[in-house]
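Below you'll find a set of structures to go through.
Shared chain: subunit A. Partners: subunit B in the first complex, subunit C in the second.
Right after this comes the complex of A and B.
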């Protein structure tokens, strides 16, 4: 479904061009959850933004190919890209405080992709939005629908983001560190919500995190990045029991072990 | 969108002060006690009376009527200037801030040059090109105000366009126009309102300055600046002739800036 080959991302906004992602390869089949881990600054977000078609065309130069369901994301016309975005590919971001528009009501924001991609009327959109808010396990969807972002907690906002991203039942959801800014109990809830969505709707998920233990809970396959390079990739359990790269070993050994005795 | 004016002594005082000048000005557009342009030799520099509460000017014209008309002219010039400047400035600032690139660089360097002149001087240049008169002054001021609006809005668009919620909007398939107009613009309204209020005050002061210099509003039209200019000669014989339009300017500017501080 998604096929990324030899992706290189270079920034040309400084005198010396800077490559932030080297020879990135990734395949995702429909319904699959793939993990992407690595320390911060390793190029995870840049790769994700490129896949979502969000890297500005003149700031960042991209080589290689990203093909999603036969569409060449890097070179297709803007209209084609827009018809895929929000309909077949969606994304949620790390910072729940800045990923919702502060001056718009939640309901309006959740409905945005419907407004653009469907010809539903106002009432139908509202019904669909309320349904989605319920689906992401928010209590009192009617009230949330009428709220502004600042009236919600971080965990609630992240659920709202998931509702907005999932409203058109995309084929691929990119989740860029969706739990990093949340506290541990909320993290676990969001992870199990993503798991449920994947199971019930068959949405493929690219789950980005620097937390290997979360990735282990969620993903069958994982890719490990370090300073722009993929250093390890394969079945999660395989990587855990038999890490090839020194860096992966360090990541695994740095997972805090909770011993209960 | 939730724009409110804080309720406190400052804002109430601001509203009262603004109303003291703006309400008579609005009435003055439609009706004044006397015809503000009728000359009457027998009332020349007449003092205050029941018939003419502020007295009469050097042509025997009723000062109250002229203040009402003059405030409305000044008010409308101020409004026209900020609306024109804000609309064009927002358009330029939005496009350059959003797209960046070469056009942005060129326009903003041009803008920096324009901004390095005080807007009054810039307006003076445009008045020299267009010639005096109330509508031309408005045009000149509006053009002179475009660069500062453009700069403010450009900075806001640059700030907001990198927010995750704009990425999210783009990712929901929104067009550039929709992103700029529906997703970014409402986030700049607070800054825009403040710029408009400050701009209005600057426009009122600029009109007064230009008219005082004799190159703004031309006789027999009345404006607050024009009246100040006409009253110079009689500053010692009839100080109230100068004080009344002067007070009107001060009260309006003070009122608007007090309101501006309390918008959130």
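Right after this comes the complex of A and C.
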């Protein structure tokens, strides 16, 4: 479904060009959950933004190919890219506090992708949005629908983001550190919500995180990045039990272990 | 509820302003009776006139008397013109208000249109040129802008006759034709400030996280701009509008001198010279009410645009 090959991302917004991703390869089949792990600055978010078609075309130069269901994300006309964004590929972000427009009602924002990609009328859109809000386990969807972002907690906002991203039942959901800004109990809830969505809707998920234990819970396959390079990739359990690269070993050994006497 | 509170506090502010104005004009040196009769008048004549003007009563009594009158729309009688102040002002107030409103309108249209253009074409030649010209215009005070406008549009292109004026009750269209030029002079420096404010808002908002979210849903740049960025970028400008309106009212008082328009500014000046306190007090109270009312409107607008302030 998604095939990324030899992706190189270079930024030209400074005097000296800077490469942030080298030779990135990734395949995702429909219904799969793939983890992308690495520290800040390892290039994982940049790769994700490139796949979602959200890298600014002016500043970033990209080599290689990103093909999603036969569409060349890197070089296709913008109209084609837009017709995929929010419809077949959706994305949720690290900062639920700032990723929603502060002056628009939640309902309006959840419905937005429907307004752009379907011919549904106002009433149909509202019904669908309320359905989605319920699906992401928000209580009292009617009230949430009429609320503004600042009236909701971080966890609720991330659920709203998921509802908005999932409203057109996309083939691929890119989740860029969706739980990093949330506290631990909410993290676990969001992860199990993503797991459920994947199971029920068959949406493939690219789950980006620096939290290995979350990745282990959620992903069958994992890719480890460091300084722009992929240093390890394979089945999650395989990587955990038999890490090839020194960096992966360090990452795994840095997961705090709870010892029970 | 908050708005009701705001209305009540606005009324209180008007009351405080009126008290200050009344007390201030009662304690500053200068005697209206002397101003009217001249220094050659005999003490008896002055005393008689003071009595006739009601200046011999103690201050609190005069104040209560004045406030009760104001509440009924009676600002007393002008010392120098001898007619009720209310009539005098009711005739001139529309000039000031019309000019300020036209000026406000011109400012908003110019700032919004140009800021949107510049935000869209941030790096284009014209976008940069607007930025430079804007810096120049920002530093032109209205009275000077008024002179330049008179010179270019009045004397050279003959679009209006400088010094001419037609009252609104004679021909409304021509009256507005005469109001537009001074309004432009007042609006230009304010428009350039509003432009800078809106432009930096627009450019700042472009980099916000919610913009990326909007793109991820398949919005075009245009849709992102008009549906997401614009409303957010307007929030800081709204606060500015309230201040700008107050400044514009003050600006009309000066600019009408440049254009020879008989408005509140002219009566205000002569009344201050003649110690015609009822007129001065009435004008100040009217302007205070206008400014406070416009601030109230801005507060309401603010709450409409930004849900976080509700």
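Following the convention adopted for this analysis, the second predicted complex is superposed on the first by the 261 of 261 C-alpha atoms of A that agree within 3 Å, B and C clash if a C-alpha of one lies under 4 Å from a C-alpha of the other, contacts with A are read in each partner's own complex, and residues count from 1 in each chain.
Quick note on the criterion: a residue touches a chain if its C-beta (ideal position, glycine included) is under 8 Å from a C-beta of that chain, and two chains touch if they have at least 3 such contacts.
Computed from a predicted model, the values in this text were never measured in an experiment.
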Combined model on subunit A where subunit B meets subunit C, clash or fit: clash
Touching partner for A:14 - first (subunit B), second (subunit C), both, neither: neither
Subunit B versus subunit C as contact partner of A:82, first or second or both or neither: both
Subunit B versus subunit C as contact partner of A:122, first or second or both or neither: neither
First, second, both or neither for A:164, with subunit B first and subunit C second: both
Contacts of A:150 with subunit B and subunit C, given as first, second, both or neither: second
Residues of subunit A that lie at the interface with subunit B and also at the interface with subunit C: 52, 54, 82-87, 90-91, 93, 95, 98-104, 112-113, 116-117, 148, 161, 164-165
Residues of subunit C that touch subunit A when the two form their complex: 208-210, 212-220, 223, 228, 231-232, 235, 305-308
Parts of subunit B lying in touch with subunit A, wherever the complex brings them together: 1-2, 101, 163-165, 167-175, 178, 183, 186-187, 189
Subunit B-touching residues of subunit A, taken from the complex the two chains share: 49, 52, 54, 58, 82-87, 89-91, 93-95, 98-104, 109, 112-113, 116-117, 148, 161, 164-165
Complex contacts: residues of subunit A adjacent to subunit C: 52, 54, 78, 82-87, 90-91, 93, 95, 98-104, 112-113, 116-117, 148, 150, 161, 164-165
